[in-house]
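See below for the structure under consideration.
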Amino acid sequence: MKFIPVTISLLEGFGVSCVIFFLTLVFSLPLGLIISFGSMSRFAPLRWLTRTFVWVIRGTPLMLQLMVVYYGPGLIFGAAAFPKLTAVLIAFVINYAAYFSEIYRSGIEGVPRGQYEAGQVLGMTKSQIFFRVTLLQVIKRIVPPMANEIITLVKDTSLARVIAVMEIIMVAGTFTAKGLIWPLFYAGLFYLAFCGILTLLFNYIERKLSYFRV
Amino acid sequence: MKKYISLLLAIVFIFALAACNKSPSTPTNTASPSPSPSASQSPDASSAPTESETPQGEDDLAYILGKGELVIGYTEYAPMNYYDEDGELVGFDTEYAVALCEKLGVKPKFVLINWDTKEYELASKTIDCIWNGLTVTEERRENMAFTKSYIVNEQVAVIRAEDKDKYTTLESLKSAKIVAETGSAGEMAVEADLAGANFTAVASQSSALLEVKARTADVAIIDSTMAHSMTGPGTDYADLMVIENLHLTSEEYAIGLRLGSTAVDKFNEITNALLADGTLQAIAEKYGLADRLIKD
Amino acid sequence: MPVLEVKGLKKSFGPTAVLKGIDFSIEKGQALSIIGPSGSGKTTLLRCLNFLELADAGTISVNGKVIYRGGDMKKYSDAEIRKKRLHFGLVFQNFNLFPQYTALKNVTLAGEMLARERPDYRARKKEILEEIEENARALLDQVGLSDKLGFYPHQLSGGQQQRVAIARALALKPDILCFDEPTSALDPELTGEVLKVIRSLAEKNTTMVIVTHEMQFARDVSDIVLFMDGGVVIESGPPGQIFDNPRVTRTKQFLERYNGT
């Protein structure tokens, strides 16, 4: 009866979820790499600082981080708040960059020392060793954990409703308040479909990289 | 990164401070006349609760006038604030706010908020007021200043239609499994009228209804307005019903402003004017709330 | 003039002195085997020759020219170190083939990278790459793997992987080819094929430094044998002398334990 208007509203909410998802990925994937270099740095204070940062971010709920980013400036400094979507992106990008950095780190540290040394004794430069030898091995190692984390991100976007960003679960909730229960479960189908596509994509990448073993 | 850590530390510090501030204020609260469980009473609407509180820092009214804009925090909650079929934000509170802002000489700006964190929104100035069928409670007075109450917020009991004959009186409800939103007027009503009942607090009014429908509870105590709009035909709760002629302790709606706000008196003054010229009466009639409008 | 001359080479890791002054030299076309108990510093010596570790003191000379002086290295740029490394090739105990490349690509990769630095690279790119590939095919044929060119490392046995690694090290035509216990990671039935390849290299007068535990092999293939223990060279000489007539008691004891007599 109300199927079409509900679908349209949920699609709008899902659009917001997708914006959060894709922009978080775009910024946190490279930021995570920078953080992972920090946590592997030979300069101890930088390494210590980076690892403390990662500990704080991974050790506190994303929901709390969202509230800190959004309400923090006003509560602490009396400053103007970020626009809501910006606040969501700041919190998500920082949070996911911290998680990604640990995945990158384990991937990079997982490449045997011998691979670097083999490149060195063959007269290759550092960048040649990175791009020609280790990079693909790192990618192969990190694809499964990254797939996990990225699929978690899809569902974590629903946390944005903590600061009343109209993502799909929040939209579904407005129908609940009007006496309709089913839109909430219908919203679940959107996540299922999206995660299904991502799963296929990651399976494809894994298959593409299955021609060699690390 | 450093800024973020310092932010986090700062907020922990704020929480710690808030916890410290709370303890000295508690005795004053217990010393002041608190509602006895049996007496069905509500705070006197005309008394200005903020008189005892000193404005903190700046002049809130001047701040709002200076911006030329009143940022109003709301959630979708018919008939107070909701979207009509044309996608326009309407409702009693919406029109009331527009009328008040016009007299105040500022533009209203409606911002959707998360009800769970409304106190943070106020304190961090992401909004200037909560105007969304906000029930006046003693607990909330610690975090915000209320204007004079404008609507009686009646609480009703919602049951499954099949239990129509089972639950008819307050006495019969005492054996039932009761749910209400945590910290809501519904919970207050349970404490006042159904002391000792088998009660569970849930996250929201809609989840209270869901509990009844899903048979994990028997009775939901929620706002009358919400109960009627959610259980009508065309909803998923058509098999639920409101127990008629059951009178529970009622609360009142008021506008929530920042603690110690200097805007309270101005808001009350404009509200009195809107009552006097019949504006509020007209809006209340439009949304079927005429009998619940507080006219004095 | 020796192709490689090492003098007074010392290396410590923290307080532990691993090399306490190593001297030896090797003529062009000779094979030198280094034997000795584990922890005697054999592998560290090879790593110092390939600049995977930088020796604290001593000199390394190639073709009469000092290319490394202990403690000096930090002054050199990465590019200079790379150039010096190219005098040496190294075959690892664990092969360290690049898993994402075929056998052929493993052999050609470094050559392709180096070719980019040639001034005529742009003009003759296609020819150069063809030369590199031809050379790699010939080397893989030489180690008996001409039918495995398109195989990835995980599709090859340990012995085959090690033979690819040897071809890879040879592709850059090093002055001295080093082996770090090339058969230690292999099942016993696979050591033979690798040793056969190294033997054939010796017959072609490839200059080699071989760290090994295969005593019979060392005796057959070497021109000189170096016995190391505790970070010093205890005894060196032709295999006949070391294996049949050791002059030092420790050499004798080591070999007796090895031969189980």
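To keep things simple, chains are lettered A, B and C as they appear, and every chain counts its residues starting from 1.
Basically, a contact is a pair of C-beta atoms (placed from the backbone, for glycine too) under 8 Å apart; a residue touches a chain by one contact, two chains touch by 3 or more.
Computed from a prediction, not measured in an experiment: that's the story for all the values here.
Taken chain by chain, the contacts run in an open path, each chain touching the next and the two ends left apart. Summarising the inter-chain contacts, the pair of chains with the most C-beta pairs in contact is A-B. When chain centres are taken as C-alpha averages, the shortest distance to the whole-protein C-alpha average belongs to A. Rounded to whole angstrom units, the spacing between the C-alpha centres of subunit A and subunit C is 45. Here the CA centre of subunit A is 37 Å from the CA centre of subunit B. With centres defined as mean CA coordinates, subunit C is found 81 Å away from subunit B. If you check the complex, the residues on subunit B that touch subunit A are 1, 4-5, 7-8, 10-11, 14, 75-78, 111-114, 116-117, 120-121, 123-126, 205-206, 209-210, 213, 226, 229-232, 234-237. Those residues of subunit A that touch subunit B in the complex are listed here as 1-2, 49, 52-53, 56, 60, 65, 67-76, 78, 80-81, 94, 161-164, 166, 173-174, 176-182.
Interface residues of subunit A, counted against subunit C in their complex, comprise 112, 114-115, 117-126, 128, 132-133, 136-137, 140, 211-214. Against subunit A, the residues of subunit C that register as touching in their complex are 50-52, 78-79, 82-83, 85-86, 88-90, 92, 94, 96-101, 109-110, 113-114, 152-154, 168-169, 172.
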